[in-house]
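Chain nomenclature is as follows: A, B, C and D, assigned in order of appearance, with residue numbering initiated at 1 for each chain independently.
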Amino acid sequence: MPNELRIGMVGYGFMGRAHSNAYHRVNQFFDTAYQPVLKAIAARDQEKTKKFADRWGWERVERNWHKLVEAADIDAIDICSPNNTHHEIALAAAAAGKMVLCEKPLAMDLAQAREMTRAVEKTGKPNMVWFNYRRVPAISLAKQMIDEGRLGKVFHYRATYLQDWTISPKVPVGGAATWRLEKDVAGAGVSGDLSTHNIDTALWLNGPVRRVCGMTEIFIKDRKRPDGSPARVEIEDVCTFLARFANGSNGTFEATRYARGRKNKNSFEVNGEKGSIYFDLEDMHQLQYFNHEDPTHLQGWRTILVTGAEHPYMGNWWVPGCVIGYEHTFVNALADFLRGLEKGERVRPDFRDALETQAVAEAVLESARAEKWMSPQADLS
Amino acid sequence: MPNELRIGMVGYGFMGRAHSNAYHRVNQFFDTAYQPVLKAIAARDQEKTKKFADRWGWERVERNWHKLVEAADIDAIDICSPNNTHHEIALAAAAAGKMVLCEKPLAMDLAQAREMTRAVEKTGKPNMVWFNYRRVPAISLAKQMIDEGRLGKVFHYRATYLQDWTISPKVPVGGAATWRLEKDVAGAGVSGDLSTHNIDTALWLNGPVRRVCGMTEIFIKDRKRPDGSPARVEIEDVCTFLARFANGSNGTFEATRYARGRKNKNSFEVNGEKGSIYFDLEDMHQLQYFNHEDPTHLQGWRTILVTGAEHPYMGNWWVPGCVIGYEHTFVNALADFLRGLEKGERVRPDFRDALETQAVAEAVLESARAEKWMSPQADLS
Amino acid sequence: MPNELRIGMVGYGFMGRAHSNAYHRVNQFFDTAYQPVLKAIAARDQEKTKKFADRWGWERVERNWHKLVEAADIDAIDICSPNNTHHEIALAAAAAGKMVLCEKPLAMDLAQAREMTRAVEKTGKPNMVWFNYRRVPAISLAKQMIDEGRLGKVFHYRATYLQDWTISPKVPVGGAATWRLEKDVAGAGVSGDLSTHNIDTALWLNGPVRRVCGMTEIFIKDRKRPDGSPARVEIEDVCTFLARFANGSNGTFEATRYARGRKNKNSFEVNGEKGSIYFDLEDMHQLQYFNHEDPTHLQGWRTILVTGAEHPYMGNWWVPGCVIGYEHTFVNALADFLRGLEKGERVRPDFRDALETQAVAEAVLESARAEKWMSPQADLS
Amino acid sequence: MPNELRIGMVGYGFMGRAHSNAYHRVNQFFDTAYQPVLKAIAARDQEKTKKFADRWGWERVERNWHKLVEAADIDAIDICSPNNTHHEIALAAAAAGKMVLCEKPLAMDLAQAREMTRAVEKTGKPNMVWFNYRRVPAISLAKQMIDEGRLGKVFHYRATYLQDWTISPKVPVGGAATWRLEKDVAGAGVSGDLSTHNIDTALWLNGPVRRVCGMTEIFIKDRKRPDGSPARVEIEDVCTFLARFANGSNGTFEATRYARGRKNKNSFEVNGEKGSIYFDLEDMHQLQYFNHEDPTHLQGWRTILVTGAEHPYMGNWWVPGCVIGYEHTFVNALADFLRGLEKGERVRPDFRDALETQAVAEAVLESARAEKWMSPQADLS
C-alpha cells in the first residue's frame, strides 16, 4: 500500500486541471511508493471551485488558501494560481512546513524568487517547480544524449517559443484567459510565460548562462479590459536575446505571441562538434538528430520517433508508435517527484533551478531596458 | 447527477488498459448524461486480474466472463479479450440483453460476424465496435472536410498500415504479447489486426467497396512458442489489395509488420477533383490538405495542426498547440457512445459497420487464396 | 582532345530540349574522352525545327529523319520523337550501323521492343534508353546502399508515380503537349509514360519481377481534340499493380495523372531486414534512410541531403548544400554513356533493360484486361 | 539577332564557373535582346586559367585584369576574384567606362563600398552585384506575395545562414578553397560571406534596418596555412545580431560555419498579421506559407512547390514538378540584367543596394566589438 501524499491545491484554472489530471493518473501508469490524495482545493470563486472539485474528485473546497496551509491533513501545497500570488503562498506554506510545488514562472521578479527559494530550502522538505517540458520524452532523450557525449563540444544553442494568439487587438487585458497580459498579475510578458520555458531547458541541457543582451517590444500598446474600459499594455509581447553560455557556446532566444501560424513552437537546436539535435513542441513525439560520426555518404538529420519502450517515460505508457500528449508531461513530472520522495533525492527543477531561470529572465529584461549586455545574478543573498 | 452506465469488462490486456483509462477520464473532459461505473472485470488469471482491478479501480473481479453476463448490476459488456472469444461472449451478452461493446476485429470470420450482428441488433440495445481511429481528431476532421464537399469527386484512395515488430525470427507465436501471430486465437494476421483499421476508415470516408484483389505473404513460416517448441505460422504477415469503390474511385491497401522503420504508419490519402488529404498516425496531430481552389501560385500541401478549439474533440482537451495522444481516441469514442445513449441515436461504427469491414477483409483473404477478384458480401443472411 | 561523338537527333520537343542541354553541358562538368557534336536535327515542322536548332546550336536541320540515318557524319541517332516513331527509326538506325539512344518508353508494345532490341544488339554498337531517373544522385545512392548490403533481405517495394495534370476535362487529346493521351501516338497511357519509370528503377534496385496483377482505369472517357472535335480516350489514366519479385519481396505500384496536388511524385520505398530507404522525386535532392543497426534509442528515418562530394555525380557539380535539378539527370546519363564508350563497357539501362521494363508493363496491362495474375515475358524471341 | 554583351571576367574559381555557365545558358532558356559573349578571362595562374577558358569557351586569356579593363572589345567587367580585389578592379573598370558586375560581398569595408558605388554610378552604365539568391524562384515568389499584401503588417523577420564546413581544426587558412578564412583576402568572416546574403534578402523583403546589436565569435583561433605554418584566425566564425527594421518589425540573424549538420541553411521566416512565410535554401524548390485568412479549421502551413509555370522564372525552364538547382539562380539573375539593358531599367540588387547591405554588416561588426547597439550608415558621402 503506497504512502499518501495529501495535496492542497490553489487555483482551478488551466494548470489546476493539468495537475488534477496528473494526480489521478500517476499511480495508474507508474509504480510509486507514494500516492497523491486530492485533499483540498482553494480558489476565490466558490461556485466554480466546487464544480471543478466535483469533476476532479477533490475532497473539499476552501474559500481561502490559508486554510490549506494551516490544514493538518495536507502534506504539500501546489500553487496553480496566477503569478502574483506565488510569493505569498509559497512563503506561508514553507513557514507551515509544507512541501511546496509551484507553477512557473516562479515569481514576479528576482527578489521574490530569492526569498521564496530561501524559505522553501529552510524547511528541508522537497520542492518542485512545474517546468513540465523537461518531461517531454524527446527532451529527456536530448538530455540523455548530451550526457552520453553524443554532441561533443557545443557551439550553438538556438531556442524559440513562438505563438500567435495575441495578434488581434481584440484580445482583452485581464480575465481568466488573459491575465497573462496584465502586468500586476503576470509580472512580465512573454519573458515570464514563454522564455522561462526556453531558459529552463537551456540551463538543463547546456549549462549556465554568463551574459545576455535582450530586445523587447510591445506591438499593441492599447487594448481593452473585458468590461470594455481602456487598458494600457505594460508587458512585453516579444522577448529576444543573445546569450553567452559558460561552456563557450553562443545562444539565441526568441519568444513572441505575434508569430502568425506558430501555435506552440517551443523549439531548440543544439549544434555540437560531433552532432546536433533539434526539437519542436508542435511535434513533441519527435527528436531530430544529426550524427557526424555516421559514414559520410549516409549522414543526415534523422527523426527519432520517441515512442519506444527504450525512451524516457515511454515504457510506462502504451506501445511503440503510440504517442502521448501535452498532459503526460505533468504526470511524468509528478512520477519523478514521487520517486524522489521515496528515495530521498533532490528532484529537479526545484526552486533553486527556477531561481536561476528567473535571474536570466530578469537580466534579459534589464538588458533590453538599458540596451546593454548584462550578467544574470542567481545568488541567493 | 449523470446516470450510471455499469460496465463489465472481459480482458485486462493492452486494450483493457486503454478502455479502463477511457472510463475514468470521459467525465473529466466531457459533459455527458451518463457516467461509466467500473463494475466488474473478468479474466482467466485471477492474480493478475486482481492487481489490474486494484490499479484501475474495478469494483470486483470475476473468474469467468459468464458472471458478467449474468450480473444484474451490469448494463454493458465490454469485450477486450482475444479475437477467438468475441463471438461466444457477444452472443451470450446479447442473449442476456446487455449492451455490447467489442474490440476489433469483430470476429474470427464473416460467418461469426453475421451471427454476432444479428444477435446484438435483436436486443435493440446500443452496440459499438472500438475502431478507435475514427476518433483521432485529424481523421474526424477529414470526414468533416469530405462532408463539406472540399474534395469533390474522388479518384483515388490509398491506405497503408505499416509496422515492423515481427521481422525478427525470435518473436514467438502465442503468449500475452504475441497471440496475434496465432491462428487459433487471432483468426487472421494483419488483415484482421491492421487492414480492418484501414478498411473501417475507408468505408467511413469513401463509402462501400465493390471489388477487391488481394495478395498475402508469410515471410517467416517457422517460429517458436514462448516455451521453445516449434510453431508453424499460419497467418499472413502481409495483406495488400487493390479495390474498386462504389463511388468509382480506385483504392490500394497495404498492411504489414515487415516495413522496417515504420512503427505505426496507419496512413491514408484521398485524391479528389477539388482537393486531397493525407493522414499518418505517426503524426496523428496533423492532417495534410491540398486545396486546388487556392490561387494557382499559392497552391501547396498544407499541414493542419489539428489542435484548435474548432477541431473535432479538441475543445474538450487543452489549448491550441497542445497535442493529445493515442489513448484519447478511446475517450473520444466513449464520449460519443455516451452521447448516443443520451440522445437515443445510433453511434458508429457499430456491429453492422464492423460486419461490412469484416466482409471486405474476408473477400481480400479469399481473393489472395484464389488469385482472383472478389466482391465483399456484407449482407446479414 | 576528346573524340567527337556526332549526334543526329529526331524531335525537338520537351525531350529534344533536355537532350540538347545535356550535349552542351556534359564536357563542362565531366572529364570525358568523347565530346558530343550537335550535328543535325530532324523534325516535321521545318520552321520550328530551324528556330530550335539556332537556339541550341544544331549544325543543320533535316526535314526527314531518314537523312540522319543515312548521314556519314553522324555516329549516333537520338530518338526524342513520340512513341509511335521509335520502332521504325531504331530499326533503320541500327540497319545503318549507328549507335541508338532512345527515349522511353522504348516501344508501343512488347513485340516492337523485342524487334528493336534484336536490331540494335546485332550492330554490336552501344545503345541506351533514357530512363534518366537512375541518374538522380539520390537514386544512384540508393543503388549503392543496396549494393553495400545496408538493407539486407528485402520484404517490400512500394512505388508511385502521381501527377494531376489531366484531371480537367478540358485537357485535349493530341497536339504537342498532349499526344500522351492519344493511343495511336503514345501506345499506352500512364503505364508507358509513368509506370515504366517506376519499373525501370525497381528492376535496377530490386531485381526481376515474376508476377503482376494490374488494375487500370479511364476516368474521363470523352475529351476533345485541339480543334474541338470529339475524341474518345482509349489509354489508361491509372495503372496500379501488385507484384511478386524474384527475391521474394512484395511490390505495389501506382501511377496516375489524377492525384490532385501531386506534381511529379515518383516515389519508392524499399523495406529490408536491416534498413529501409525512401525517395520522392518532388524532393529529389534527398534520400530517406532508416538504419536498424543504429542504437535502439537513436533509430529514426534520416534525410540524407544528397549534395556532398561523396555522393554519386555530385563531385562534378557544385559544393555541398547546392542542389542540382531535373535536367542534370540527362547530363549524368550522358556522361555515363560517354565513359562507357571510352572503356568499351555496357552502359545501362540499354535496350535489353528497357525490353524487360516493357515486358512488365505489357503484363500489367494484359493482367488488368484479363483480371488475373500474369508473368512478364522479357525473352528476346 | 540579339546585341552582343561582351564580357571580361576576372577569376576562374567557384564563382567564375557559375558565371560562365550562366553566360552560356541564358539565351537557351530566355528570349533576350542581348547575348553575352565570353570574350576574355583574367587570372593569375595562366595554365589553370587557360584550361578553364578552354572548357568554358572563353575566347582569350589575359594574365592581368587591367587588360580586360583596357580592352576595346569588352563591354562589361565581371568580378569573380576574392574580396580584396573588388575595390581596385571596380574603380578601374568604372574609370574605363565599363559596366561592372561584381560578386558579393561588394567590398572589404564600408568605405570601399562607398567609393565603388560612387564610381560605378558616375559612369551612368548599368551595374549589378551577384546576390543570386534573390533569383531563387521561391524567394522571388516571397517578394511577390509580400507585394500582393498577403502578409499584412510585419512583426518578425528571422534569418539564419548555417553551415558546418569549418568545424574541423584541420581546415587551413588560405588557398583556393579557404581564402574565406583569411582576413587580408576576405575582409570579414561569415558576416561578409553569409550574413550579407541574409541582409540583402531582408532589405529586399522587409525594408531598411534602423538599428542592430551584434555578437561574434571565433571558435578556433589557431589554424595552419596550407603549407603547415601557423595561422592566427582573425575573422569571425559566427555573426549573430538583433535588428530593428524601419517598418517596426523585430529581426534576428544568425550566420555560422559551426552548425553541425546544416550545409546551406540560408533560411528566413517573416511573420505578418495576415500570414507568414518560411524559406530554407536546403529545400530551395519550396516556399512555406501560412494564410490566416483560410477558414479557421483548415489553416496550416502549406508547402508551395515552386515549380509551376505561374511561378517566377519557372516558365522558362521545364515543366511543373521538375526542379531547378543552385546554378540557375545565376542564369535568372543574368536574364534580368539583360532585360534591364534592353529596357533601360535599373536592375537590382546593384552597387547601391550592396552598399546598404555592407553598411548593415559593418554596423553589426562594430556593434559586436563595442557591445552596443549601432545604426547602419548607408549614405554615399
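Heads up, the rule we're going with is that a residue touches a chain if its C-beta (ideal position, glycine included) is under 8 Å from a C-beta of that chain, and two chains touch if they have at least 3 such contacts.
No experiment lies behind these values; they were computed from the predicted model shown.
More inter-chain C-beta contacts link the pair C-D than the other of B-D and C-D. Shared residue numbers account for over half of those found at the interface formed by chain A and chain D, and the copies are therefore classed as meeting with the same residues.
With respect to chain B, maximal separation of chain centres occurs for D (centres as means of Cα atoms). In this assembly, the C-alpha centroid of chain B lies 55 Å from the C-alpha centroid of chain D. Chain A and chain D, compared by their mean Cα positions, are separated by 42 Å. With centres taken as mean Cα positions, chain D sits 36 Å from chain C.
Under the contact definition stated at the top, the residues of chain D that touch 2 or more other chains are 299, 301, 305, 308. Of all residues in chain C, those touching chain D in their complex are 14, 18, 20-21, 24, 27-28, 55-56, 163, 165, 263-265, 281-285, 305, 307-308, 317-328.
Put simply, chain D touches chain B in their complex at residues 141, 144-145, 150, 287-289, 291, 294, 296-305, 308, 310-311. Of all residues in chain B, only 155-156, 158, 160, 162, 164, 167, 213, 215, 217, 219, 238, 240-242, 244, 248, 250, 252, 254, 256, 258-262, 269, 271-276, 290, 292, 299, 301, 371-373 touch chain C in the complex they form.
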